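Shared chain: subunit A. Partners: subunit B in the first complex, subunit C in the second.
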Partner chain A sequence: MSTDSNDSTAIDTHSRGPLLLLLGSGVLWLVISGVLALIASIQLHTPTFFADCAWLTFGRTQALRETAFVYGWLANAGLALGLWIAVRLGGEAMRAGNWVVVGALFWNLGVSLSLVGIAAGDASGHPYFQIPVYAQPLLLVAYGAIAVAGVLAWAGRRHETGFASQWYVFAALFLFPWLFSVAQVTLVWLPVRGVLQAVVAGWFAQGIYSLWLAPLALACAYYLLPKISGRVLPAYSFAVFGFWTLIVMGCWTGGRHLIGGPVPAWIASVAIAACSLMVFHYLVVFLNFRSAIGAKSTALYFTSFGLLAYLLAGLVEAVISLRGVALHAQFTFVEQAVQQLSLYGAVSMVFFGALYFAVPRLVGKNWASSSLVGGHASLVTVGVVLLVVALTAAGFAQSHAMFGATQPAKFADVASATRPWLLVATAAQVALLLGNLMLLVNFAQTVAALVPFRAAANSVSRPALKSVLS
Partner chain B sequence: MKNGPLFFLGLFASLTFSFAGVVLFSNYQLGGLTPYYDDSEGKSFPERLPGVAARGQMVYRDLGCVACHTQQVRRPSFGNDQAQGWGERQSVARDYIHQSYPQLGAARIGQDLTNLAGRKPSALDAEDLMKLLYLGQGAMPAYSFLFQDVKVSGQVPKTALKLTGKSAPLPGHAVVPTERAQVLVAYLLSLNTAYDYPESRPVVKTAAKAEGAHK
Partner chain C sequence: MSTPPSPQGDRRFDSAANGDAELVESHAQVASKQADEKGNYSLLPLGLIFGSSALIFWAAVYVTKFSGHYDPKMFDETAPPSTGVEVVAKVDPIVAGKKLYLSACVACHLPDGNGIAGVNPPLAGAEWVLGSEERLARIVIHGLKGPITVKGSQYNGAMPVFGKVAGSGYNWSDDKIAAVLTYIRQEWGNKGAAVSTELVTAIRTKEGGRKEWSPEELLQIP
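Moving on, here comes the complex of A and B:
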């Protein structure tokens, strides 16, 4: 598994301070969310685990795990990788790096505050939006500070022609504040009434995945694959259609969670139609990346795993959104399996790939330990596959027990039917946590090589701040 | 995609389009939903939650009960919610208009609670619910932190749980619910959507056929 750093450029070394800060905090959150996910997973089959602790009821650990994962790991890593691609493709050194540093510090402060708040019972209760009221404005402002570098990279780009990875990066950077602020207004400051909250929350949660996380992952993939393989992507001219299908249709699919719910039926119908239309987007992604699947470098391995998971998740979504299937899959662990397949299998794996490619270039040195890289790759692969399979099987068992012969179903039977699979899911969480600890150690050791040069890095960033302020 | 401003305008328009379609249009459709006044009963439905139950909903929300329990019944012809005894009719948007934080939920690790207080043949009463919360049952954890073990000399407090066997408190002690447990139970006892709105009546088969033919 090679991670050569021959093409580390001045642009990389110049932007390494802010970007490594974001990446490092992301990896740290990844490990923290792994611990929380492990607790939540154990609670599912052993309800007495931490039952005496009001801070860690299952509802709260679920919200904690999700928030640490999405806003801690995926946001930090995604922003770092997105900015890195934007700056590299722009062909100019990163500007406003200090803004990124300040933004990153406040963002992570906001995420920490959110976790404490959720544990204390202040979660907003909406999926992907559990952040307590008081932490939301802080996150939005911090995001704005980080995104300044993105805006300047766009404004100062040397080449007018956009690459697919650029569209995806800038779409993600631009659409997140739009989504996040609208969700704040409609769910928190001036909340809509009754079930409309569920409609807005569904729209927002889908937007976070389809318009923010998935575009950031695709930007990494569109950047890395041609770069590493040295070949032009096949059917590249179709990429633009894939892009706009995702951007236009993405949010409309959110209503599929409300099939059969107390909302107008058109919300679900539109979502089902949108899920089918999205197959076109997945088809384009497949056409573009079909030759890269199965390549041998670490970065490519993770990226192609992630892309396969992305395609699979899209197809599964299209299938389980059909009413007949949704009837059985709804409210079961299958939903969680699809969520893990999307967030862990697709987005995180692509981010891992990009991280393995970017960090040696930012640091200017190879990864400290190649065996830790290999260990991380195998543990995470096993973990993700096992987790998704176990949750799917648990979902089937749950659905089977609920629709089984005895009506009304006994929830004790449901619990005993799902228990073996939930134990497997816990084992998968252990594998993921161990793997990600390896990543954290390796990351820390690799970056530690930079410490003597810290003074030099400071002197570079000072003029940058001046140029921004003047 | 060489035109920067046009690109961002496109992005903006795409998201606005879905926002207008999904959020604004459903708000237009449902935002003005009013309670339904029933002449024969002389009052309107849904009724507002009593204050204590509304406070209980906040406890329900902050403990994250929604992670395992839904509060939405699917229509009798879609799924087997009716056979589970969770409700005779589907939940409709009007059921939730008085709730500041509707807890629809997305997972049924436990049962649906929409009509918990209206279960047939017999619903759980306050004492059963207190015991359930204190002891847990099956996959449901015990929420013992909602209760206090107090020393008693003389008369046992009225609210004390009547526990026997292994779970019984030490002699001279009693387990009493905290205020949070009491409001939570009051909320759980208020969960019942028995009233039949015009829009919640199941569509009769012949009507569905006629509608299908019309399309």
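Moving on, here comes the complex of A and C:
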């Protein structure tokens, strides 16, 4: 295998069908969630917008936006990129690719069903777990079908120790079904009672980010940097400590959402301590990736932006988890800002980077348009920065109006204090939507080169590939 | 690959500098914890060791200080350690007594404590209320039957059994009896001393369950 750009294309050509299906659905959901996010954002400052349409009232658009983003975009893209990395590093052709195709079809069917159900009022009502009851088992089974390929890629790997990206993908593949099935049983099928529900919901919401999305994003980042720079990661010898800190501590931080609530005091205290311990994980990640900052490559631009956002989100989480600060952050837009920083600024941006790196290799052709790549990069950067800044400022304004005044705050005063910043947030959502439309167009044009798709996908059979690789 | 490798800086393609097998092997070597050619092992940076120790120390102190003693019912993280003794808040007998009076006594003795002429005797300024605590407590614990003279007038109503004794319809605890007695001795301009729970308990244990008192029997008691 040569050391230039055309590394192991035989494996990529073989697995392009299932992976491009996942990536394409992901990008489509990204645009759909962008439209929903725009509606939800407008409703925050103009409450009459769609107010007489029950299917699109704020409570539902907010849940729809979140579900389309996490289970539509992040899940599809994260699984595709995770499988792609696991298969490549495993050094063997993808096994169970047909399962991935079937799983992807049913997963997206499940997400569509969920969105229709939520719009009709069937949301289950827990953060990051709005999926209606009847769509949950379908999603779990579809996920299993997709994940089989990742497990087989790990089991059949050529190199015994494996690389950091492989640990992260493998952990993420197993942790999601754990989180999702426990949440289903304890929140929906045999619901636990009282405050325990809030505890489980907080654990799940945090776990989805810390134990599923963040590991997938880190797998991409750990893969891209040495791949593009050609150098060994500077702090790789203790990357394993960073990994275990995340896996062990990640879920414990969930209790910070319950500060001040009627839950045993130790749950919040342990969560706050866990948030502090996670700083070690962020430190290790930073030491490994410091050389990526400012690199001249589209993939590394997105990746380094995402990693900086990841570190910032981690440090901010450690600070706002402290009880005195949580008073101001917990129920204001600051919490929303941190969510957007984590999910959009960190995870999505790293996924964008990996997407730009992976698609030309899977398709076997460069991206169709250079200007669309540049446009997407600048619009998304502006959008994410504006969105996070605007929501943070709105949160401070809200907290100041509620706690700063000597008189009890009036709702109208609090609302008018946040209004200018929420208008900025809507502008940010417009930028994000336009940027992601550019990505969708570019992706469609690039993949269109493969039409007729079936003939291209079948050009390499598995036995033939096996002989090439061995 | 159908296209030639693109020059650096092309946004449409990010070229890779090394292959996958190469990447895995070079990193596995770093992580293998084997000594290098000179026999040196790679060490963790001191800063990282001290930094992580400091974080663990801070986290441990925080959890110990604000654990709420891992009590499932403790919502206040700053609560002092439990001593094992149940601390019961002191109840103001006047507040508790008023509540009890308004829940039962008020029906016959009326809110102003003046009773109903000929049937239910007054409590305000009554010698039976302000006089012997022993007699008063017995009336409420065991009840009273027979005509009674209060403030020079005769009354014929019956006083029900309130104490925790056999045949009682109310089963009020000694605390409650003491509270309501204190209340009627200090309300409506009455200026009697408070009645203690201990006195009520002592009388109830001494007399046990018995039929209602008659005024004559009560007058025998100091």
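Definition applied: the second predicted complex is superposed on the first by the 446 of 470 C-alpha atoms of A that agree within 3 Å, B and C clash if a C-alpha of one lies under 4 Å from a C-alpha of the other, contacts with A are read in each partner's own complex, and residues count from 1 in each chain.
Here is the rule we use: a contact is a pair of C-beta atoms (placed from the backbone, for glycine too) under 8 Å apart; a residue touches a chain by one contact, two chains touch by 3 or more.
Values in this document were obtained by computation on a predicted structure and should not be read as measured data.
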- Message: One more residue to check, A:Val232. First (subunit B), second (subunit C), both or neither?
- Response: second
- Message: With both complexes superposed on chain A, which partner does A:Gly255 reach: first (subunit B), second (subunit C), both or neither?
- Response: first
- Would you check which partner chain A:Pro264 touches, where first means subunit B only, second means subunit C only, and both and neither mean what they say? both
- Message: By the touch definition at the top of the document, which applies to A:Gly125: first (subunit B), second (subunit C), both, or neither?
- Response: first
- Regarding the shared-chain residue A:Arg88, is it in contact with subunit B (first), subunit C (second), both, or neither? second
- Task: With the two complexes superposed on chain A, say which partner A:Gly162 touches: subunit B (first), subunit C (second), both, or neither.
- Result: both
- Applying the touch criterion given at the start, work out whether A:Val182 contacts subunit B, subunit C, both or neither, answering first, second, both or neither. first
- Message: Tell me the contact category for A:Val279 with respect to subunit B and subunit C: first, second, both or neither.
- Response: second
- Message: Between subunit B and subunit C, whom does A:Gly194 touch in the aligned arrangement: first, second, both, or neither?
- Response: first
- In subunit A, both subunit B and subunit C touch residues 161-162, 240, 262-264, 270, 323
- Message: Residue numbers of subunit A touching subunit C in their complex, please.
- Response: 1-9, 88-89, 91, 158-159, 161-164, 223, 226-230, 232-233, 236-241, 262-266, 268-270, 272-274, 276-277, 279-280, 283-284, 287, 296-300, 323, 356-357, 360, 364-370, 373-374
- Partner subunit A, residues of subunit B touching it in the complex: 1-2, 4, 7-8, 10-12, 14-15, 17-19, 21-23, 26-27, 29-31, 33, 61-68, 70, 72, 74-75, 78-80, 83-86, 90-93, 95-111, 136, 138-145
- Message: So in the complex, the part of subunit C that touches subunit A is made up of which residues?
- Response: 1-3, 5-6, 8-28, 30-33, 42, 44, 48, 51-52, 55-56, 58-60, 62-63, 66-77, 79
- Within the complex, subunit B is touched by subunit A residues 43-44, 47-48, 51-54, 57-60, 62-63, 121-123, 125, 127, 154, 160-162, 167, 170-171, 174-175, 178-179, 182, 186, 191-200, 202-203, 207, 211, 240, 244, 247-248, 250-252, 254-255, 257, 260-264, 267, 270, 323, 327, 331-333, 335-336, 398, 402-403, 407-409, 411-412, 414-415
